[in-house]
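One structure, pasted below without further comment.
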Amino acid sequence: MFGSIRHKRSLVAAATLATAALTLSTLPAQAFSPHYEVGVSASTIKLGITIPLTGSAAPGYNKVPAAMSAYFNYVNDNGGVNGRKISLVVKDDAYLPTLAVAKTNDLVLKDKVFAVVGALGTANNKAVASSVNLGRRGIPSLFINTGYSGFADKAKYPTTYPLLPSYIVEAKIMGQYIKDNYAGKKLGLIYQDDDFGSDAQAGFKAAGVKFDVSVPYASGSQSAASGAAWVGKLKAAGAEVVVVFGVSSATGVALAASAALSYKAQWILGSVGGDATTLKALGVPAAILTGAQGASFLPSPGDATDEYIKQFQDINTKYNAGAVFDNNVLIAMNTAMLTVQALRAAGSNPTRAGLMAALESKGGSFASASFSPILYSSSSHVGYTGYWIGKYNSSGVMLPDGGKYTLYTTDSGAGAVNTVASKRPAMPAKGLPNN
Amino acid sequence: MRLFSTLLIGLSSGAIYSLMALALVLVWRSTRVVNFAQAGQAIASTYIGYLVISRTDNYWLALPVALVAGALIGALVDVALIRTLNKRVKSGPAAEMAPVIVTLGLLGLIRSTVGMIWGGDLKAYKAPVTNHGFTFGTTTIPFSPYNLLIVITAVIVMAVFSIIFQKTNLGLSLRAAAFQPEIARLAGVRVDLVRTIGWAFAGGAGAVAGVLVTPSNSLSPNSLDLLLVLGFVGAVIGGLESLLGAAIGGVVLGIGLAFILEYVSTSLAFPSAFIVLILVLLIKPSGILGKKGGRGA
Amino acid sequence: MSLIIENLTVRHGAITAIDSLSFRVNERELAAVIGANGAGKTTLLRTLSGLNEPIGGSVTWHGESILHTKPEDLVRRGILHVSDGKTVIPELSVKENLALGGLWRKDKKDVVVATDEVIDLFPRLGERLTQSADTLSGGERQMLAIGRALISRPKLLLLDEPSLGLAPLIIDQIFQTLDSLRHKLGLTVVLVEQNAMSALGIADTGIIINLGKLVTVGKSNDLKSDPNLRAAYLGY
Amino acid sequence: MHKSRSIRLLVFIVIALAAFFLSNVVDELRVFQGASLSVYIVAIASIVLLTGYSGQISLGHGALMAIGGYSAVLAHNHWKVSIPISFAIAIVSTAFFGSILGWAAARLKGPYLAGTTLALAVGLPSLANQFSVLGGEQGLAFDVGAPPKSLGSDFTQYKWYFWICALAALIIVWITQNILTSRYGRQWRAMRSAPISASLSGIHIGRSKVLAFTISSGIAGLAGAMLVMTLNLVTPSAFPLSLSFAIVTGAVLAGVTNLGGGVIGALVLVAIPDIADLLAGKMGGAEKISANLPGFITSLILIVTVLLLPNGPKLSKLVSHKTK
């Protein structure tokens, strides 16, 4: 009841806001394009993204906007979306919530984008959703790049659409896999000592996995010296299977230290820190990565036999020259392709409300590289929910055990972990959505 | 064995903190500026070293090239920026803050420039010797030939500095100009030139620290930020005025952090660096080598 | 035809510390500048040695202007400024303080000779060469400051209150040494002093200034015996 | 004295009316920037009082803002207190922490004080991660609710934030101005310009410095509470080192001794990123260039401004009441 009053109030507010916006800001534009939504014109659709391009969080993520633009340009060159070309306005938030709010305000109020796509970071997205008041303004924030489970709460974040499976889901699935395959072995865990890591711990706990040795590290503190200390602890405890639930730099430090210390264990890398290209750039020897396992919801970016990967690699070569095709580029292209499908589904004269309605009704059928289905519905904003577990080969490509993808799915709560045969829509011809 | 290997690994990371601390102290002594841009100067020099390595695959060429580049950058910063600053901002309440802002601004400027030239991606290059730990019998310790190389290089740099400072005329001028610039002037020391040389030395030390630390981490426009902060902590532990203090402060910090990592908590090592700093400042404000009351009035 | 100061004016913010001051000091002469506290004596010396910038006037030494020149360049032209005991660097050893005087000189052989001369002149410095200058007494510091200047082989010595804070016995010593030195080495000296009696005792010329302005110039013997000046400025 | 105080009050009321009138004219983006402006004005005021008057340096006021921010949110969320009360709690708790810090800081000078406060700015927010009650990296939501209905239905959320922030800023600047012209303000100035004679004339330097640090911290705490209100969230990453540096920069750009100049400093801080973005957009270029150009331009503007106007713009003298 409380919710409905609130809802009504926000509806009234949204309506009045829309009226005010119409009478105030769009007066001159009205004469020319009376029935186009904000950010849409006869020939273009304007989207926006906030992501760190500079600062210590930038490496890796700074490749995302260019890769998204590359895919959009590819689509634009092939007729666009219902004849409209997509443009992406990129804003650097340096991974700071204050900047994310200010830059999203710029996107919404100055650049007047149709929707925000692929914005990065848990705290940033929380601050943006609430302060910029995306919900009350009815501005969609699509496919946000974070594994925090709370964004699936539609009542709290009515216009925010998370894509990635949550960290809890990932940990639960890893936990189940460990129980199935490494029962009785001594287990170790390296995790980041913040929400990221506590989500992981919650997931492992839900899966009923207990680690013999846990090594927390403070975000940003990882160095060669800390790597040595972590591995020392794992070694002392005799851990045989070690999960690294950390960012790339921490994963790299741990693997490099284990190489330096001749410490052999079965490594299982979380998806956040498991990008082989980044790990190699961090100086991890190929020998130590070979045979390590990892969890992922996307195919390995190095697996050119995958139809999605192959197509994306082609587009990357032609439209994003010079960029190494890694996990970040893959996620960016995948997000961009989902965006194009959402825009197509929204019809020939897309509105923000129409876009979100289309996402909720048809999102589950969109073609995407992930082996996991997308669960968007009128009652849920949960995106991907599944992972597959694979092994890195000697050239850093992660491939499924036995060559066949087995998908594990679960939820962020107490639900069981299920294995399902992986099924995903085929890549549309030439990578151009035809939904 | 565990004790011994923790000590060694702390020594190796401490050696790098010491070099950064040394750079900060050199500038502080000669110009009374805490040079936040030191991390920027070091990152630019390290990228130049990276350029040499990626072209020639020769670490031993990259190290001196980066050192010289660092020295030149340091000298340039002093001549182009700090001299102007000192001329324009002589007194007033802004006098203490202006150098902070100018060096911070410079840090941003250099980082952005580096980003424009090399992009924001992670770069890496290999250590010239293996970073596979030494093995005694069946035990492998984390301390590797590369760690040994770091310690030796740092010791050489510090030994060269100490000889220059204690035994040469240039060193005497440097010290005189640092302690009492006006009197040094009246004795005929070309204080401006000597200061610039001090900045150059600092730039060189910072560059060596950057080139040494990078194979263990990776290279990006922000990758030496942590080193700057830890170098500063080391410098303050050592008393900020003394080169020997900086060397010892850095090593003490490195070993201290290694022991906290090994024996206390892997996640508290980072915050504890700051707790150590605050404790040192409150308990023995002049640093472990400083004179009594050095930091008050 | 030696040190000529004309209409020199120096300001500290709103305060005019030296106001159109003109006088001259001949070569090999010792001129004592006398005045009360705040008369502008120290500012005068700091301007002559390049530490302060004047806003007007001219100063020439052997016909060439010495204004707007860095102190370290004036040192190379033989102009040495020794302010009271503060002119030593306490963080350095006695030996290093002395060495500073010869650092810039090309003739390293003469630096060695000059250093030996200074140690002969002030044996107490010789005994304390390796000590930190911090440990020296006031008189010893004064000796060290003068000694360091001598190693630079000065032609024009600017001395700021060498008697400040010293015991009368030591003041006499210093002044005697100074007197014999300047004759032996042919130095031109500008000596700023509050201790007018001692200063005029060894000076050729006396220059009395007040509030930055010249009061009078004269032979030191004449000034000493002028009853009006004695009462007003010389304090005895 | 009495007359000048009533004139000053009048000036503040006029500014307040002008600000509120302006908020009805300009677009939403400017209204939000007006709220950010108010946050900076308060933060800069805390530095002006500390550095410009008592002569102490702090590179760690971002950490104090964090304390204020967390205090306000915890009070609001746990005790359901109103916004003004939660702001007051932020001021008091930060001032309390500041008094402890100030006691320690009074023993330090120059770079050592800068270093200690710097350590605080780096260390304190990362410590917040250690306590689950503070919400970790994701932080705690801070929802002050929609504006009251009585303000009309077209009264936007941002205008509401702006009104709250602007009012808080005006009140605190007015109070600060009165503190600075009071006995304490004169003591601090005496202490800064001539510490020895100040102590001879009976000013207890240590106590006086601690008092300055305490008041300055309280003001910074308020700025922190205002900041998290505009963000709707309190999280460690809202208080990065760059925030501490930004407010010090704003204070210097304003001329450190000038409270009124703080408006200019805050304006510059809010405007610089916009200007840099605009310039970068005009220049264009490859992606790695365009990503780094705003940072480059911002840094350049900072350096050039400090070199050209080390004691703040002369204009600031016109804006403020003479405080020297």
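Order of writing sets the labels: A, B, C and D. Residues in every chain begin at 1.
The rule is simple: contacts are C-beta pairs under 8 Å (C-beta built on N, C-alpha and C of every residue); 3 or more make two chains touch, one makes a residue touch a chain.
Computed from a predicted structure; not experimentally measured.
Contacts with chain B and chain D are shared by A. Chains B-D form the pair with the most C-beta pairs in contact.
Averaged C-alpha coordinates give centres for chain A and chain D that are 35 Å from one another. Centre-to-centre, using mean CA coordinates, chain A is 38 Å away from chain B.
The geometric centre of chain C is 52 Å away from that of chain D, both derived from CA atoms.
Computed from the mean C-alpha positions, the centre of chain A lies at a distance of 76 Å from the centre of chain C. Touching two or more other chains at once are residues 53-54, 62, 193, 218, 220 of chain A.
Each of the following residues of chain B touches two or more other chains: 111-112, 115, 119-120, 270-271. Contact between chains, as defined at the top, is found for A-B, A-D, B-C, B-D. Against chain A, the residues of chain B that register as touching in their complex are 2, 9-10, 12-13, 111-112, 115, 119-124, 126, 131-133, 135, 140-142, 144, 215-218, 220-223, 225-226, 254, 257-258, 261-262, 265-271. Contact residues on chain A toward chain B in their complex (touch as defined above): 53-56, 58-60, 62-63, 193, 215-218, 220-221, 223-226, 228-233, 249, 252-253, 256-257, 259-263, 278, 281-283. On chain C, the positions that touch chain B within their shared complex are 49-51, 70-72, 75-76, 80-83, 86-92, 96, 99-101, 103-104, 148, 152. Those residues of chain A that touch chain D in the complex are listed here as 9, 12-13, 16-17, 20, 24-25, 53-54, 62, 65-66, 92, 94-98, 101-102, 105-106, 109-110, 122-123, 126-127, 130-131, 133, 136, 148, 150, 193-196, 198, 218-220.
Chain B contributes residues 28, 34, 81, 84-85, 88-89, 92-98, 100-102, 104-109, 111-113, 115-116, 118-120, 229, 232-233, 236, 240, 270-271, 273-275, 277-278, 281-282, 285, 295-297 to its touches with chain D in the complex.
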